[in-house]
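Should a chain be cited, it is by its letter among A, B, C and D, assigned in written order, with residues numbered from 1 in that chain.
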Amino acid sequence: MAGSTLGTIYRITTWGESHGAGLGVVVDGCPAGLPLTENDIQSYLDRRKPGQSRITTPRKEDDAVEILSGIFEGKTTGTPISLLIRNTSQKSRDYSEIAGCYRPGHADYTFDQKYGFRDYRGGGRSSGRETIGRVAAGAIAAKVLREFGIGLFSYTKSIGPISISPERFEQAAVSETPTCMPDRDASALAEKYLSDCMSSYDSAGGVIECVINGVPAGLGDPVFEKLDANLAKAVMSIGAVKAVEIGDGIEVSTRNGSSNNDPFRLENGKVVKVSNHAGGILGGISDGSQIVLRAHVKPTPSIFSPQNTVNRQDEEIQISIKGRHDPVIVPRAVVVVEAMAAITILDALLVNAGARMDHLKAIYKS
Amino acid sequence: MAGSTLGTIYRITTWGESHGAGLGVVVDGCPAGLPLTENDIQSYLDRRKPGQSRITTPRKEDDAVEILSGIFEGKTTGTPISLLIRNTSQKSRDYSEIAGCYRPGHADYTFDQKYGFRDYRGGGRSSGRETIGRVAAGAIAAKVLREFGIGLFSYTKSIGPISISPERFEQAAVSETPTCMPDRDASALAEKYLSDCMSSYDSAGGVIECVINGVPAGLGDPVFEKLDANLAKAVMSIGAVKAVEIGDGIEVSTRNGSSNNDPFRLENGKVVKVSNHAGGILGGISDGSQIVLRAHVKPTPSIFSPQNTVNRQDEEIQISIKGRHDPVIVPRAVVVVEAMAAITILDALLVNAGARMDHLKAIYKS
Amino acid sequence: MAGSTLGTIYRITTWGESHGAGLGVVVDGCPAGLPLTENDIQSYLDRRKPGQSRITTPRKEDDAVEILSGIFEGKTTGTPISLLIRNTSQKSRDYSEIAGCYRPGHADYTFDQKYGFRDYRGGGRSSGRETIGRVAAGAIAAKVLREFGIGLFSYTKSIGPISISPERFEQAAVSETPTCMPDRDASALAEKYLSDCMSSYDSAGGVIECVINGVPAGLGDPVFEKLDANLAKAVMSIGAVKAVEIGDGIEVSTRNGSSNNDPFRLENGKVVKVSNHAGGILGGISDGSQIVLRAHVKPTPSIFSPQNTVNRQDEEIQISIKGRHDPVIVPRAVVVVEAMAAITILDALLVNAGARMDHLKAIYKS
Amino acid sequence: MAGSTLGTIYRITTWGESHGAGLGVVVDGCPAGLPLTENDIQSYLDRRKPGQSRITTPRKEDDAVEILSGIFEGKTTGTPISLLIRNTSQKSRDYSEIAGCYRPGHADYTFDQKYGFRDYRGGGRSSGRETIGRVAAGAIAAKVLREFGIGLFSYTKSIGPISISPERFEQAAVSETPTCMPDRDASALAEKYLSDCMSSYDSAGGVIECVINGVPAGLGDPVFEKLDANLAKAVMSIGAVKAVEIGDGIEVSTRNGSSNNDPFRLENGKVVKVSNHAGGILGGISDGSQIVLRAHVKPTPSIFSPQNTVNRQDEEIQISIKGRHDPVIVPRAVVVVEAMAAITILDALLVNAGARMDHLKAIYKS
């Protein structure tokens, strides 16, 4: 079914395979009147671009975006924004040997079971390149949000056993370290750790954190369209993510109510919370404080050491994966998590516009 | 917006407040021809019914379900199944004192911010009683799934610091312990722990695990409608859940690819996995092995000890919550997690029916 | 699948069969803060109530509505409004004889083909009583619209060969004639015509017109979510409707562009159209002038004269339908058309709230 | 909002403006395993291509389609099929003079009201070129349907006052006459009529009929997702359509039940209808007989004769539209109606796959 569309009002539809003609996204429902250029989108795509350091795949792709529709005289018109990113560095021969077998940790087997066959070139639709459309749509969403004073910030919290230290937190380091860690010491350790992984033909996982500031109270809807529920879906839909936490997340299960509740108080006449264990969401609705979420990312399943598996002829075989692969997915996925959060928050903001009679009367003066 | 509807083909719409006339759900898209009686639903509702032990709220509700439509001669007709559960034990006076203030950890403040006011009686729509509609719809979904050999099993994995032991795992204990733990020793310890919490006017959190057997490979769709993404949304949409894990979940972030990948092998000519770190889902699509997920539940926010907060007149005050509250949400939420999982799996199964030309030709013989 | 849910933000879910326990609707996404009582809804339901004249079925139903949720202190809270109307006058024995055969013009055969069997009592889900939920949801939508200066007015334009005369148009007559015609002379002729139909065991069709005043320019979305497209769907989804026209409708196919275009001009500094052949919609978006639509309704398929048909045992038989049936559907369907139009316009109004950056900034002041 | 997406399982998202870089569509949810090439799509696009006769716009566009994703080894993979058609013959200067004024019968005014400004080049998103994405998606849907023995056939029924004669009906003529009329005599008369229109700087409307053979009984869902309701929406969403009829359509309003009902009978042991006034749909569900629908198309609003209107500076002015315009929309819209019908029928077929327990068991053998 239509698995490639997300959102109620800000609705995105992505498409494309790793080794097809290209990838892209159609962004429908973007509010009219937003200044937007290809640069706004390219700067996000560049954050996930491969080939930027020795801990990312050596595949070289410019991933240059072309805006095909929806912009006129530099502004969004309210109609669909179609974005195209051509693939330029496909090497289909790299993958010919895995065409007939099921790589452990990959979607080869499940795609075959679901559809009867699959586009095996570079993982086809289940490739990490699928996230290009998400990032492009997220760049637009983030630009809309900035107009309302909402800012997103994402970073690597840990790689394998190496975690950042709150004491050394330095925001600028995120864009300057190859790990996207806001802690240069931890980043150096993580690079060393990844080198060791690569030496032993292995890979590593990690954790990404995203914080969102400036979200007004009131976004998200009761019951199934809770803001945290939609954030969880959006982030869990990223290929390698296996767990999603909101606020203090897994920690809350061992807490008592007295220590987990966030008391309210007044600050300059405004209701605020003394703490933020809840991560900015109460009852599925934003409470005006910082929204905090974390994604737990599995180690890259493509490893060079030999693995046992089965082929399409139902024979047990051993494979050693070749090709170009990141030893860790996390640094390039940081911007993907941020993009999915931006898309989700914006959709909630647009949906919420119709929630109250008094708000509607601000638009429709009779 | 329409936050109370979930699903593409198996689509449920819940309604109702803690202290209104009642609660219910409309289940649309249930396949025709399923034998269904009120007993099938009541047995699930009874698992979340209050007043069953000293660790649940003393509020007494029969939560008896009435089927209003969609059944004829004992079978589903394919048209909407409307279910009604009347509230019978509302005590609105219990809540009058909290009408004007914002309870920490509750949705009082966010509902007021979103809608301008709220039904403050017992939490209104954000009450835990909202889950009645989910459980009723989940009971029907689970019955459909059983017809395809799919079975769900959920239990309490931990309460506060007390976790079950894999060595003492006893399935029958889930329905026989007040904690829903499959380990009688752990359950006794947890009861003691909860007693202590209650003595100190406090509450506890915990972890719920759900395993699903018999799911055929191929359910779930690429990109945004991944099976794990929809499970994450469904489970995170339950009031007190703050984290969702699939398979080994948060553990994967510290693993290496070589230890996290699940090798494939043959078993009686069938492709199976040697291990199941992935929790039965690869690339967002079920792989035929057991699906495993966990929900991390925060401690009950309603505690009897005094808390600082703010009232609607923007004054800092102190409140002590009265009323009838569970010291832990987990045991009654076990069936809610199971219900949400059943609803999600069934919807994926129905959506997947149209995924392949050969499957369609099994239905539409031309 | 979920055929009983309609709408993006104002989302309604109806349920119920002719001879089940009752019928109802869940209205989700109604803006918070609207004063609403059961009277607001009952007055609409009374317009479609049976047994009000000799040209409607003698089945007596009070069709009294109960609000089960979503209202607090007399106002909508933003959460789902669940409405219940109990059936009180089912006479299942009337229908036992048609349980095994396919009535011409009815959905008996198609329900059997789709679902394998059907609730044959009074047409089950395909009964005209299904529209009760639509009318109840439409009453709420119409009340919201009135707050924005938008008013709907519907009436019978023709019954069989009898059409109203523009010269004798009298709005008050709609609620005072049994035909809902705004022309007392035409109504008298139509009553005579219907008497003749009944004498010959036959039935009649007719045309319903709905006009909507005060709709601001800008509602409806390009391409598939055009306002006229959604009005067409909403109105064509009413059981007996076989054609829908917007503005001059079928007339336009024989016109020239020079006579069909509506020139713009200024009126008190405001852009208006000189004529309104378009019926208030251009490019799928409301243009600020009156919206006009018409529904063509087939004659009641239940007639007392003998008809040839087939039974479930694949035998050719002859049946004479008994029971209680209207000789014409039109007068009771007038309010149904109005309800569907109101639901559609309101949903477009809510969706449109997020269409422009400047409108959003009126709500979300940063 | 997301006005450019349609469908539940077979879900299409179109994008593009008349004078932007190009137009396209993303088709998601197409069943895997369908052989598909660009030729399958191009042959449909060629039927709506401009510049093919003197009664279509002289704008020359090849409208050559490029498949960007979703096909592997000549077959659909189940993932999104992205199609791109580059614009090659934009002449933006033709439209500069109408940038600041509201053309009668066009969406200029309503787009400005909705979004605050518009892409005025050639109508932007409201151009007839928007239908390219529909036709491309319809070509794929029609190919899937052919695999199930379902065939669509569409043609011009009338242009202005000239209607086809049932006696002279010749299917082959549709693709051989510039009018797409299945009656060469009527076509010649219509060409003469259109010549006269052009001489007087005017335009004409007409009627398109679409018949669909081989649809199995059971497609469409009760209440809001009736097959005729979705056909009405799909067809009314085409720019110039102002009325939609199913079966005998507007005729039914003047009929009696005895003449409008279609009696059932047996034919070779199969249940069929003696007549087909209903147009193949009963209670919103296909009945196994031919589906018949008609679209009433308004005359091209772009005419060369002078018209009164208003400009963006709120001044009353007179304009004479220049540029390249068809004197009648109908012949090129024939394939658009067919495409929208194909898309709607296919989606209903896919959704219906999950409607019955016995059908599901044919797919999921436990």
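Heads up, the rule we're going with is that contacts are C-beta pairs under 8 Å (C-beta built on N, C-alpha and C of every residue); 3 or more make two chains touch, one makes a residue touch a chain.
This structure is a prediction, so every number in the text was calculated from the model and none was measured.
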Chain labels contacting subunit B and also subunit D: A, C
Between A-B and A-D, the pair joined by more C-beta contacts: A-B
Intercentroid distance (Cα basis), subunit D paired with subunit A, Å: 38
Intercentroid distance (Cα basis), subunit C paired with subunit A, Å: 44
For subunit A paired with subunit B, centre-to-centre distance based on mean C-alpha positions, whole Å: 26
Of all residues in subunit C, the ones touching two or more other chains: 1-5, 8-9, 14, 29, 32-33, 78-79, 114-116, 125, 222, 350-351, 354-356, 358
Subunit D residues touching subunit B - in the complex, by the definition given at the top: 8-9, 29, 31-34, 78-79, 144, 147-149, 214, 216, 222, 349-351, 353-364, 366
Subunit C contact footprint on subunit B (complex, rising order): 1-5, 7-11, 13-17, 20-24, 26, 28-29, 32-33, 66-70, 72-73, 75, 77-82, 84, 114-119, 121, 124-125, 350
Complex contact set, residues of subunit A against subunit B: 1-6, 8, 14, 102, 104-107, 109-111, 113-116, 125-126, 130, 158, 160-161, 197, 201-207, 217-226, 228-237, 239, 242-250, 252-258, 260-266, 269, 271, 274, 278-279, 281-288, 296-303, 305, 307-310, 314-316, 351-352, 354-356, 358
